[in-house]
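We just call them A, B, C, D and E in the order they show up, numbering each chain from 1.
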Amino acid sequence: MYARWVLTALLAWPLIAGVVVLLLPARLAKYVALAASVIEFAISVPLWWTFVPDGSMQFTMDRAWIAAWGIHYTVGVDGISLFLVLLTTFLMPLSILGSWSYITKREGGFYALLLVLTTGMIGVFVSLDLFLFYVMWELMLIPMYFIIGVWGGDNRLYAAIKFFIYTFLGSLLMLVAIIVLYVHAGNATGVYSFAYAHLLSNAKDLGPTAWWLFGAFFLAFAIKVPLFPLHTWLPDAHVEAPTAGSVILAGILLKMGTYGFLRFALPFFPAVALSQTVQLVIVILSLIGIIYGGLVAMVQPDFKKLIAYSSVAHLGFVMLGIWALTLQSVQGALLVMINHGISTGALFFLVGMIYERRHSRLIAAYGGIARVVPLFAAILTVVSLSSIALPGTNGFVGEFLVLIGAFRTYPLATALATSGVIVAAAYLLTALQRVIYNPLTQHENENLTDLTPREIAVLVPLLVCILWIGIYPKPILRRMEPSARALIEQLKPGTVQAPPAGAGAGEGEGGQQ
Amino acid sequence: MNLNPAIPRDLLLSLLPELVLTGWALVLLLFVAWRHRTVWDLRIAGWLTLLALVSTAVAIWWLWWNRAGVRGVVSMIAADDFRWVADWVFVGAAALTVLISFTYLERERLLAPEYHVLLLLGTLGMMLMAAGADLIVIFLALELMSVAVYVLAGFDRRRARSAEAALKYFLLGAFASGFLLYGIALVYGATGTTNLVLIGARLSIAMRASAMLLAGLALLIVGFGFKIAAVPFHMWAPDVYDGAPTPVTAFMATGVKAAAFAALFRVMYQAFAAVPAWHDIMWWLAVITMIGGNLFALGQRSLKRMLAYSSVAHAGYLLVAVTAGGVAGTSAFLVYIVAYTLMSLGAFAVLIAKGRAGESDVTIDDLSGLAARRPWLAFALAVCMLSLLGFPGTAGFIGKWYILIAATSAGQNTLAAILVLTSVVSAGYYLPVIMAMYMKPEPIEAAHVDVCLDRWGRAAVAAVVVGLLLFGVWPNRLFDLARAAGDSVHAGGTTTAAP
Amino acid sequence: MTGTTVDLIWLAPALPLLGFVLNGTLALARPTAKTLVSIIGAGVLLAAFGVAIAVFSAFTGLHAEAPVVFRYWSWIPVGTLQVDFALQVDQLSLVMLLVVTGVGSLIHLFSIGYMKDDPGYARYFAYLNLFVFFMLVLVLGASFPVMFVGWEGVGLCSYLLIGFWFSEEANANAGRKAFIMNRIGDFGFMVAMFMIFWSTGSLDFDTVFAHAPTALTAGGTAITAITLFLFLGCTGKSAQIPLYTWLPDAMAGPTPVSALIHAATMVTAGVYLVARCNLLFALAPVSSAVVAGVGALTALFAATIALKQWDIKKVLAYSTISQLGYMFLAVGTGAMTAGMFHLVTHAFFKALLFLGSGSVIFALHRAYHHTHSHEDAQDMRNMGGLARYMPWTAALMWIATLAIAGIPPFSGFLSKDEILTAAFARGSVEPIWLVFWGLSLVAALLTAFYMTRLMIYTFHGPNRTGEQEQTHLHEAPWILTGPLVVLGVLSAAGGLLNVPELYHGGEWLHHWLEPVTHPGAALRPEPPLVSGTEWMLVGVAVAVAVIGIVGAWQLLKPERLVPARTASAERGFARILRNKWYVDEIYDALIVRPLVWLSREVLWKQIDQRVIDGAAVNGAARGTRALGWANRWLQTGQVGTYVAVFVVGVLLVLWRAMS
Amino acid sequence: MLLSPALAISAVLFTLGVAGVLLRRNAIVIFMCVELMLNAVNLTFVALAQSLGLGGQVFVFFVMAVAAAEAAVGLAIILAVYRHKQSVSLQNMNLLKDG
Amino acid sequence: MTLTVFWIFGVIAMGSGLLCITRKNPIASALWLVVTLFALAALFVLLDAQFIAVLQVLVYAGAIMVLFLFVIMLLNLGRPGPTDIKGPLGLLGATVLAGALLLLLRPLGQAPLPAEIQLPPGTVAALQQQRGMVGAVATPLFDTYLVPFEIASVLLLTAIVGAVVLAKRKL
C-alpha cells in the first residue's frame, strides 16, 4: 500500500494543499502551508527505511495517461533520486518557515506556489516517463517565475524573465530531442511509448542524430546546472528571489540539471557523452566553473551573488564527478548535490534573516556583527565551513569523494579542481570576515537582534544534517551505492570495482597510476 | 451512413448543418428587419445566434454520430470526420465570439443586430470551406466568409480605424482572391477538373507535373497563405486585427484562420498528395512565418497588435503541421486549432474587458496590477498566455507537442527545432503580459475598477480556461476525435506509421 | 581492542570535544560564567593529559611493535575506498599525544590568568578546547582522511583564535590569511591522498605503508609526486618557505594561542606528518632533499628576519619558523628521531618563550591600562630592564633562550646538535647536505644572536616603558608563572629524553620510536660518523652559539634604544630585514592583487558581465527585439508596401514551385 | 488553337492588374485593377473550357457573382472610409501601423 | 483568320488594360477597363463562350462597372488633382515586380494541355449546338454545380446585407 501510493501521494498532496491555501484567507496561508509541508515530509520519511538498496526502481506506479501517444503516469525512485526527493520534502517546511515574516504581501499566492513547486520538483525526480518528466520539468518553472517576479527584489522582473527564458530555451530543445527519441524508438520497435525504460533500451543506432539529441539534452541540463557560459541567469535569479526562492533554487532546482545528466543524457547517449570531445568539453567547463565561479564569487559585493557564484563552483564539482564515472566520484557527486542543497540553503536562509533586519544584501553594509548577534555569527561560520568543505562537515565528504574518484579518470583536471578548495576558502572567509568580523562601523548594525526561536528552528535541522553527513554519511552512501554501481556498469561495463570484501581495510586493486 | 450526393435526400442530409445554419440566418435576418433599434433587440439576436449555433452543432453531432460519409463518389461536398471536427471548431469559435460580443457591442453602442447575421453567414462560409471537395466550392465559400468578415471588420463605422481596417482587408483580400482564382484556373487547366479527389487521382497516376500545375499550385498556396496570414502574406493582419472591433478580431484570428487551414489541408492532401513540390514551399513558409511572427510580435506595445502577430506565429506552427502532413499532421492541426481557438478567444475576451468605450489601444503596460484588482480575469489571461506559449498543463502545450510529433515522424527535425526556438522568442512577449498583471503595481489608483465582463463574457472566459486546462491534462478524447478526423482525410492516401 | 587502558584512547580527544561543546554553549548562553568555563576548559585538558599518561604507561606495557588501531565507525565507505573513523596508538602518536595534552594543559592554565578580563573568555576556551580535540585527531588518526580532519580542524581553530579579537581588521585579516595559506597546503595534502589511494588502494596508514614498497617504485615519479604534494601540505601547516608568511601575522592572536598552536603543537604537524610517512619519504630521495633543503633554507631565512623585529612575538614567530626549518632538515635527512626530539624540546622552550613574552606583555599591558596609554605593549623598544620587575619571568626565559641557542646542557642543545650531526653525516653520502648543514649552522649563529638581542632589550638595560608606567610593572600572578616554571624545568631537562650515545646516554626516544621509524630507516640508513668528527661538530655548534650570544652582548647597546614612538626607521639592509625581505609585499603584488584584479576587472566585469551576460545573453535578447522593432520600417500602414511585399512573396513561391 | 494565345493574353492581363495594384494609390482604381485580374482569370477559364468542357464557363459565371458581391461590399467600404477621411487614397490610410 | 481576329482583340484588351492602369483620372481608368471588358467579351465569343460573353457585357461592363463609375462620380474623384500614381520609384518597382511575374508565368503560354484530359476538338461547340447557348451553361449549373450555385446565392445575400449595414445612415 505505502510502496504503491507514496510517490503519488507526494505529488498530489502539495497540489491539493496548494489549492486549499489559495482559497483560504491569506492570514491562514502560512500555517496551513507549513502543516501541509510537514505532512509531506512525514509521508516521505518512511521512504528512508522502506527503500531497499538494490539498484532497482522502487515504489513504482504505472497508469496509462494519454494512451494514444503511449504516455503513462510512471513514477519510481532509485538510489539516485531517493535523496533528491527527501531533500525536497526536507527543505520545503524549512523554506516555508523561513519565509514566515519575509513575505508580507499576497501570502496566499506565495505559499500556494511553493506547494505547487514541490509537486513539480518531486515530479522531476520521480518521473519514469519522459512526457511526465517534461511536464514536471516545466511545471516548476512557473511557480519559480512568479516567486521571483512577484516577491523578489528591485530588479525582479529582469531576473524572472531571464530565468524563465534561459530555462525555457534549453527545455524546449530537449522536448524536441525527447520526441525524436520517441519516434526513433517507435519506428524501430513499433511500440510508441515515452516510458523511460523503453526509450533507454531503444536509444541505439541513432548515428549522428545522437549528437544532436545529446546536444539538446545537454543544453537543457547545462543551463540548469549551470555550466560555465550558461550560468548568468543564476546570479540574477538568486539575488532577486526571496529567501525561500533562493533556497529552493539553489537547493533543488540546480540539482535537476545534474540529475538530468545522470538519469537521461548519459544513459541515453553513452557513446556521445563519453566520447573524447564531449569529455574534454565537460571537464574543461566544470573546471572553469569551479575556478572561475570561485574567483568571481571572491569579488562580489553582494552576499547573495557571492553564494550564487559559489553554486557555480559547487556544481562544477558535481559535473566533474558525474563524468569521471567512478563509483566514488558518482556517489560523491550525488552527495555534493545533497550537501549543496543543505549548506547553500542554510546560507541563503542566513542571508535572508539578516536582510530582513537590515534590508541590505551588500557585504559592505555589515561588519563586526558577531558581537551583536553571536548566535547568527556562529551558525554562519559553521555553515560557511560546511560550504568550503571542512572535514567533519558534509561538504568535505562529498567533495573528497568526487575528487578522489575523479582523480582516477582525469588526474590533471582533478588536481586543478582541487585548487578550488583554496578559492572557496578565499571567497567565503573573506565574506565572513567582512560581515561578522572587523570593526563594527555602521550604526544601523548596533541594534540588530539575534536569531529568533523560529529562525533557530529553521537552521537547526540544517546544522544537524551538516554534522551528521559530515560524520556518518554511511547510511546515505549505502543506499546510493547499488544505483550508482548499476549506472556505471551500464555506461562503462567492467570498470566498476568489485564490492569490498568487508568493511575496514581496503583491499583493492592497487598499482594503476 | 453512406450518403450519395446524387440523390437529393442524401445531398440535403450531407448539408444538414449548413442548411440549419442558413435557415437560422434567414430567420435572424427577418427578425433584424423587424427589430433593430434597442439593446434588447441586440440581445435577443445574440441569443438566437447562440441557439442557431447550438442547433448547428447538434446537427453536426448527429451526422458524426451516424458516421455520415460520402464515400466512393465524386462530389462537391465531402462528409468525413475532418469536416465535423472542423465544423465544431468554427461553431465553437462563433459561439464564443457571440458570448464576448454582448459586452462589447453594448459598450461601443453598436446596436445593429445585423452583426449576428453576418457572423452566422461567415460561419457558414467557414463550414462550407471545410466541407468543400471541389475547388469551386472552396472558392465560393471562402468568398462568402470573406465578404462577411470584410463587413464585420468595418462594422464600427463611427471609428475611422474600423473603416480603414475594413478597406485594407478588403483590398488585399480581393487581390489575394485573384491569385487564388488564377491558381484554381491553372490547376483546372492542368488536370481538367476542380474536384479534389479527381485531381488527386489524376495526379497520382503518373501524370507529370506540368508548369501549369505547379504555377497553379503555387498561386493556390499564395491565396491560402493570405487567409492564414503566413509571412510574407501577413501584412494585412496586424493592421486589420488592430482596427477591427475586438470580437471580430477574435473571430478572424480563430475562425477564419481555422477555416483557411482546414481547406488548405483538404486541398493539399486530397488533391496534391502526389506532388512533392509544395512541401518545400510549405517548409519555407512555415519557417519564415514562425520567425517573422514571433520576432515582429516582440516589438509591439499594443496588446491587440501583439496578439495579431502572435496569430501569425501560430499560423507558422500550423504550417509545420501542414508540412509534416500525414494523419499525424492533420490530427495535430485539429488539436492545435482547438487549443488555439480557445486561447486566442480567451485573450481577446480579457482584452474586451479591459478596453474602454472609444479607446483604441490597450497596451501591455495598461494591464499593470490587474491581478490584484481582478484576480480571476488575470488568472484567465495568464492561462491563455501560457497556453499560447505552449506551456505544459495547458492545451497549447498538447497542441504543440502533437505538431512536434508530427514533424518529427515526418523526419522534419530541423523544422521542429525551429518551432521550439521561435517559441522561446515568444516567451519574450507573452511573459510581459503576465509580468504586468502580477508583478507590476497599478499605474494609478483604481486603474482597473471598471474592468469587467458581463455574465456571458465570463461564461466564455470560464469555458476557455476550463477547456484549456482540461485538454492540457486530459486530451484523450480530443485525440481520438482528431485522429479519426485525420484518418478520414487521408483515407485514400498514405498513412504513416507514427501516431 | 587490547583490553588495557589503551582502549580508553578515545577519551583523549573526546574530553576536549566535550569541553568545546560545553564552553561553546556557555559562550552563547552565559558568557559571564568564567569560573565554570575555567574549570571545564582546563579540567578537560588535565583529564586528557591524565588519559594520555595512562595510555602511555599501558602501551609501554604492551611492547607493541605495530600500531594499535581502534576502528569506531565506517566513515566514508564507497567501493574500494573504505575510510573508517579510526584512531591509532603507536609510539609516535603517543609522543605527540603527551606533548599536546601536556603543554596544552599548561597553556590552558596560563590562559585562565591571561584572559581573565576578556569579554570573550568562554569563547576563547571553547576554541582552545576544540583546537586540542582536532590536534589529537590529527595525531591519533589512523588514516590520511582522519588525520586530514584534524589537519584542517586545527587550521580552523588557528583561524578562529588568530582572529579572536576580530574587531581589529588586522587580526581578522591575519586569521583569514592563515586559513588560506593552510588551504594551499591542504590542497597538496588532498592531491597526495588521491595519488596514494589510486596507487596503493587504501588510505589507512598500515595498509598504505604495507603496500607502498611494492606498489610504488622507489625514486619513481609517482612516489616523488606524492611526497612532494604531502610536503606542500607541510609547508602550509608548518610555515615553511614559501607558505610561511601567515605565521608572523598569526601573532595577532592571544599569546597563549601563539604558544600552543603557533609554537608547540599545530605548526609541528608537518613534521609529524613527514615522520609518520617516513617510509614514503625514504622511497623518494629527491623529495627528501627538497624537504631538507627547504627546511635549512627556511631556518636561515627566518632567522635573518628575526634579527630586526621589534615586536617581541614577531621575533619568536620567526624563531619558530626557523626552528621548524631545523625539524624539516632533520626529517628530510632521514633523522626522524632528531626531528621529533627537536619537536618536543622546541615545544617546551618555545612555549616557555611565548608564555614568558605573554607574561611580559601582560605586565606592560596592565601598566599601560592603568595610565590609559595606547603604547604598543609588544614592542621591545617599550621594554627594557624588566628583569628588575619580573625576575621569575626573566630567569625562566633565559633558560629557554639558552636552550634555543644551543648551549649545553639545555634541551635545545641536544636536539639541535643531533640534527646538525645528522645533516653533516648525510653530507658524506650526498654532498648537498653539507650545504644544508652550513646553512643551518649560520642559522644557529643568528638564533643565538637574535634571542640574546630579545633578552637584552626586554630584560636588561634601562627601562623605556615610561615614568608613570614603571610603578605598575610587576611580576605576573602565580597562575601565569606557575606553568612557566614547569616549562622552565622541561626546557632545561628535556634533553634527557634522548641523550646520545656520545655522552653515554640511552637514546630513549630513538629506541622508543624505532618501531615507527624503522621502515624508513631501513631503506635509508643514517651514515655513521666517527666519534671524533662528532665531537668536532659539537664543538663547532657550541662555539657558534657562544659567539652568537657574546656577539650580541658586545654589539647591542640597549642604553641607546629609544621608545617605539620616538624611534626612527631603519636604513639600508636593516630596513630590508625589518620589512621581512618584502616577501608579503611581493606576494601581494605578484599573486594576490593580480588575482583579485583579474577576478574583478576581467572575469567578473568583462567576461561575466560584459561578454557573456552583456554581449551574448542580453545582446541576443536585444538583437532579437531589434529585429522585431525593425519591422516597423515595413509595417508602415501603407497598403502599397504590403502589396509589394505580397507580390515579392508570390514571386518567391512561384519560383520555388516552378524550378 | 486559341488556347496558347488566350493563356498568354490572360497572363499579361493578370500581370497588368497586379502592376496596377502596385502602381496606384486610389482605392477604387486598385479595386478596378483587381477586377482586371479577375477578368484575366476568366479568360483562362473560358479558353480552357474550350478544351476541357463547359465547367470552365460555369466558373466564369461564379466569378462574376463573386465580383458583383465584392463590388457591392467593396464600394460600400470605400464609401464608409471616404466618410471619415474625405479621401480614398491609400496614402491616407495610416491610422493602423506598427509603432 | 480566327487567330488574327483573336490577336487583334487580345491586343486591344491588353492595350486598354495598360491604359486603364496608367490613366491619371479614375474615370478614364474605369472607361478603359470597360474597353478591356468588351474586348474580352469578343475573345469569349471566339472561344465558343457566347453566353458568357453576353453576361460579360451585361453584368460586368454593364452593371459592375457602372457601379464603379457611380461611386467615382459620387465621391467626385474625377476632378483634377494630384495623381494617384506612385512616383518613379513606385513605377520602377511595379514594373520590375510585374515583369518578374510575367517572366514566371511565361511557360503557361507554351505548355500544351495533357492529351488525356482534353476533349476532342469541337465537343464544346457540339454541346452548345445540342443544348443551346444558354442551356449548355445553365444545365450543369443546376445539376453538377447546384451546391456552388446555392453558395453563390448566399454570397450575394451576404453582400447585400453587408452593403446595407455599411451604407445605411444610422447604425
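Just so we're on the same page, a contact is a pair of C-beta atoms (placed from the backbone, for glycine too) under 8 Å apart; a residue touches a chain by one contact, two chains touch by 3 or more.
Because the structure is predicted, anything quoted here is derived from the model rather than measured.
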Both-way neighbours, i.e. chains that touch subunit D and touch subunit B: C, E
Neighbouring chains shared between subunit C and subunit E, ordered by label: B, D
Chain centroid nearest the full-protein CA centroid: A
C-D or A-C, whichever has more C-beta pairs in contact: A-C
Greatest separation from subunit C - chain, by CA centre: E
Reference subunit A; chain at largest CA-centroid distance: E
Whole-Å separation of chain centres (CA-atom averages), subunit B against subunit E: 31
Between subunit A and subunit B, centroid-to-centroid distance (C-alpha), Å: 44
Subunit D and subunit E: spacing of chain centres that average the CA atoms, whole Å: 8
Chain centre separation (subunit A, subunit D; CA means) in Å: 65
Multi-partner residues of subunit D (each touching 2 or more other chains): 7, 14, 17-18, 21-22, 25, 30-31, 48, 52-53, 55, 58, 62, 66, 69-70, 73, 76-78, 80, 90, 93, 95-99
In subunit E, residues with contacts to at least two other chains: 86, 90, 93, 97, 101, 104-105, 107-108, 113, 117-118, 144-145, 148, 152, 155, 158-159, 162-163, 166
Residues within subunit A bordering two or more other chains: 165
Pairs of chains, among all present, that meet the touch criterion: A-B, A-C, B-C, B-D, B-E, C-D, C-E, D-E
Complex interface listing, subunit C residues touching subunit B: 621, 624-625, 627-632, 634-635, 637, 639, 641-643, 645-646, 648-650, 652-654, 656-658
Subunit B-facing residues of subunit A, complex: 66-70, 106, 131, 134-135, 138-139, 141-142, 145-146, 149-150, 156-157, 160-161, 164-165, 168-169, 172-173, 175-176, 179-180, 182-183, 186-187, 190, 192, 209, 212
Residue ranges of subunit B touching subunit D (in the complex, touch as defined): 136, 139-140, 143, 147, 150-151, 154, 157, 160-161, 163-168, 170-171, 174-175, 177-178, 181-182, 184-186, 188-189, 192-194, 238-240, 242-243, 296, 299-300, 305
In the complex with subunit C, residue positions of subunit E that touch it: 86, 90, 93, 97, 100-101, 104-105, 107
Parts of subunit E lying in touch with subunit B, wherever the complex brings them together: 104-105, 107-108, 111, 113-114, 116-118, 144-148, 151-152, 154-155, 157-159, 161-166, 171
